[in-house]
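Following this line, the structures themselves.
Two complexes, one shared chain (subunit A), two partners (subunit B, subunit C).
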Partner chain A sequence: MAILFGSQEWADKVCEELNSSQIYKEAAKNWEGDMYIIVEPDATFKQRIIVYFDLWHGDCRSACIVKDENEKSPKYRICGPFAIMKQILDKKVDSVQAMMTGRLKVKGDMAQIMRMPRAAVEFVNGMTTFETVFPD
Partner chain B sequence: MVSKKRNTFEWGRLKMAGIKIKQGEELNGLGEMLKEIIDGNLKDPKKYRSVERLKASVVIREATSGVAITLHFKQGEVEIQNDAVDEPTACMEAGFENLAYISSGQLSPIKAILTGKLKASGNLLTLLKISSITVLK
Partner chain C sequence: MWYFVVPEVVFGQDALTRLAELQGKSAFIVTDKNIVSLGFVDKVKEQLSQAGIKSNVFDEVEPDPSLQTVKKGVALMNQYGPDLVVAVGGGSVMDAAKAMRVEYERPDLKAEEINPFISDLGLGAKCKLVCIPTTSGTGAEATFAIVLTDTDDQRKLSLINREIATDIAIVDPALAAAMPAGLTSSTGMDVLTHAVEAFSCTWKNDFTDGLCIRAIQLVFEYLPRAVKDGQDMEAREKMHNAATIAGIGFTNSLTAMAHATGHSLGAVFHVPHGRAVGLLLPYTIEFVGDIREDIWAEISYALKLNIPKGEKAGLVLARAIRGLANSIKEPLSLKELGIPVDKLDSSMDKLIDNAMADGSLIVSARVPSVAETEKFLRYAYEGKSIDF
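Then we have the complex of A and B:
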């Protein structure tokens, strides 16, 4: 069953997928740091969506939808326009390619990402293992 | 004593330098990642000195996406720009993960070349020299 992007159910499902993935657990075993996925409005979608993930040593401890960006102070922020996020989740665009071109921006401690690039890739993969439906 | 004072002054000046972004450019993702590492390393006078006299342009390319940046070294300044320039002094190319492992110091550039994880061309000595500022140590 497809889950609506940006809903609490969607955030919970990503968390569940990460926690059941041995590949993510192994790749992120030393990962310390929570994260915002920030979906910026664009021509196709006018809302801003912020999803928070508490990631710690290969586990997703919690995930929630955040209304105000100042609500939490995560170590990382992955930001991108809705159209790019949709393409990544639909597996039409590779997340690494989006990061390299700068269409998807990563803010935070780059040193940790450079030490654990697989963790970042597997985190995004965790969002693509189930069917997502997008708001109109 | 005079010389020591001068060195201190120079080091103070260099400490503030950091890497320059080519005027009018917004760096691509690869450039942003490398800039953060290079900025950190340039604060270390010892690392800076290893590239201070270097006159070269080095292209770094992420293999899967084809995204590239060029680092220019001239007159003690380091500048970064998007895309590859024609006829650089040296060029290196690897996938995101291997570039990350090299930049984080988990994979030695020499080992990466020997195992085919990193494709290098041009002046390899230049590539080794710039590793003092492009690799986290």
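Then we have the complex of A and C:
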């Protein structure tokens, strides 16, 4: 059954997928740092969505929907418009290429991302292993 | 959306004379002592002087250049105030020059902070970068990547940003003619690996495919000749061109698993880069296997390889690459590199960790698990074709 993007159920499912993925565990075994995925409103969807993930050494310790960006102080913030996020989750756009072309903005410890690029890629892959339905 | 980044490329006999047409007042030549002793720096200075450009030489770039060397070069650049940076050498020299240029133009940004997510570096306002390769392998004259070593932290830094690309690449075969046979063969295998991986990775694209195929053809045709007779200038020119063509190809689409595992092998056992990635290339073709069978068939077709009925193109291509490597006396297994098996065993965790963390792996058409990486390396050690 498809899960609504941006819902708590969706955040929980991503967390569950990451925790059951041996590939993610291996790629992110040294990863330390929590993260916001911030979906900015655009022409296709007018709401802002912030999903928080607590990622630590290959585990997703928790995930939740955040209303106020100041609620937490994550190590990373990945921001992008709704349409780009949707294309990434549909596997129509490569997440790293989206970051490198500025369509996704990344804020945080770049040195860690450069040392563990596969952790970031497998994190995104964890969002694409189940069917997502979008609110637009 | 993606970019295709390419410098102005001046190639062929007498390409070096392009320097005499440059506009500028002061050039900072980045090189190493070997290149100076070969007389190449004098040739460069002579051409620059014809354009009325004075030169200062920094010849302290070491193999696997360090951040510390970059900082030393930048201090001299700040003293001289050049409007041209001219790198004359192999990949290490060109990487160091690229990093120096960034720090010189952007003193607020340390070289180690360069990453693919920074935009608007604003390079080019203060100086232009000219790269003149003296080996036919790395393609660094065409790439927007830098590999530096932080000697304080004992770690390698892979720094990428498309804005750090060279302004002009001068690809003059006369400067490659001094390469000894062993260097010619290992760097040539690097060219082949760049082209095959860029053509088969998940970021392959319409702008790079043709370049990669042409580079593969050039390597198969001319590398054995360049190794056999270093003064065969047709072969030298074709291989020099192939290196830059493959460089443009892979910088715009990336390399994959042979580079991820080859970087690891190089870091742990100090195997020359081209030799490491070239040795591992046929194993990675076998590992990726059916997922890219159409790609292996395309390459095989371009090379006019005969694919017997019922046989996989990937296996035919892997065999052809081993045949090429064997003909130029490149090793076919890790054992042939002289690595003792107990050293392989004791280094296995580090080899796997390095490979799994390597950025090249993100675009591999098939990404190995930790267990598969170990099995892969053990097969490559024994010279066994990958069958899993």
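A few comments on the model shown:
Criterion: the second predicted complex is superposed on the first by the 136 of 136 C-alpha atoms of A that agree within 3 Å, B and C clash if a C-alpha of one lies under 4 Å from a C-alpha of the other, contacts with A are read in each partner's own complex, and residues count from 1 in each chain.
The criterion applied here is as follows: a contact is a pair of C-beta atoms (placed from the backbone, for glycine too) under 8 Å apart; a residue touches a chain by one contact, two chains touch by 3 or more.
Predicted model only: the values in this text are computed from it and were never measured.
Aligning the two structures on subunit A places subunit B and subunit C in clashing positions.
Once the two complexes are overlaid on the shared chain, A:D94 sits against subunit B and subunit C alike.
Residue contacts after overlaying the shared chain place A:E71 against neither subunit B nor subunit C. Shared-chain residue A:I23: touches subunit C; no touch with subunit B. Applying the stated contact rule after C-alpha superposition, one finds that A:E131 touches neither subunit B nor subunit C. When the two complexes are superposed via chain A, 133-141 is the only one of 133-141, 223-231, 295-303 or 367-375 in subunit C with C-alpha atoms clashing against subunit B. For the contact definition in use here, the residues of subunit A common to its subunit B contact set and its subunit C contact set are 94, 96-97, 99-103, 105-106, 110-111, 113-115, 117-118, 121. Residues 22-23, 26-27, 30, 94, 96-97, 99-103, 105-106, 110-111, 113-118, 121 of subunit A are the ones that touch subunit C when the two sit in their complex. The touching residues of subunit C, counted against subunit A in their complex, run 1-3, 112-113, 115-117, 119, 157-159, 162, 202-203, 356-357, 359, 361-362, 367, 369-370. By the touch rule above, subunit B contacts subunit A in their complex via residues 26-33, 36-37, 40, 62, 64-65, 67, 96-97, 100-101, 103-104, 106, 136. For subunit A in complex with subunit B, the touching residues are 94, 96-106, 110-111, 113-115, 117-118, 121.
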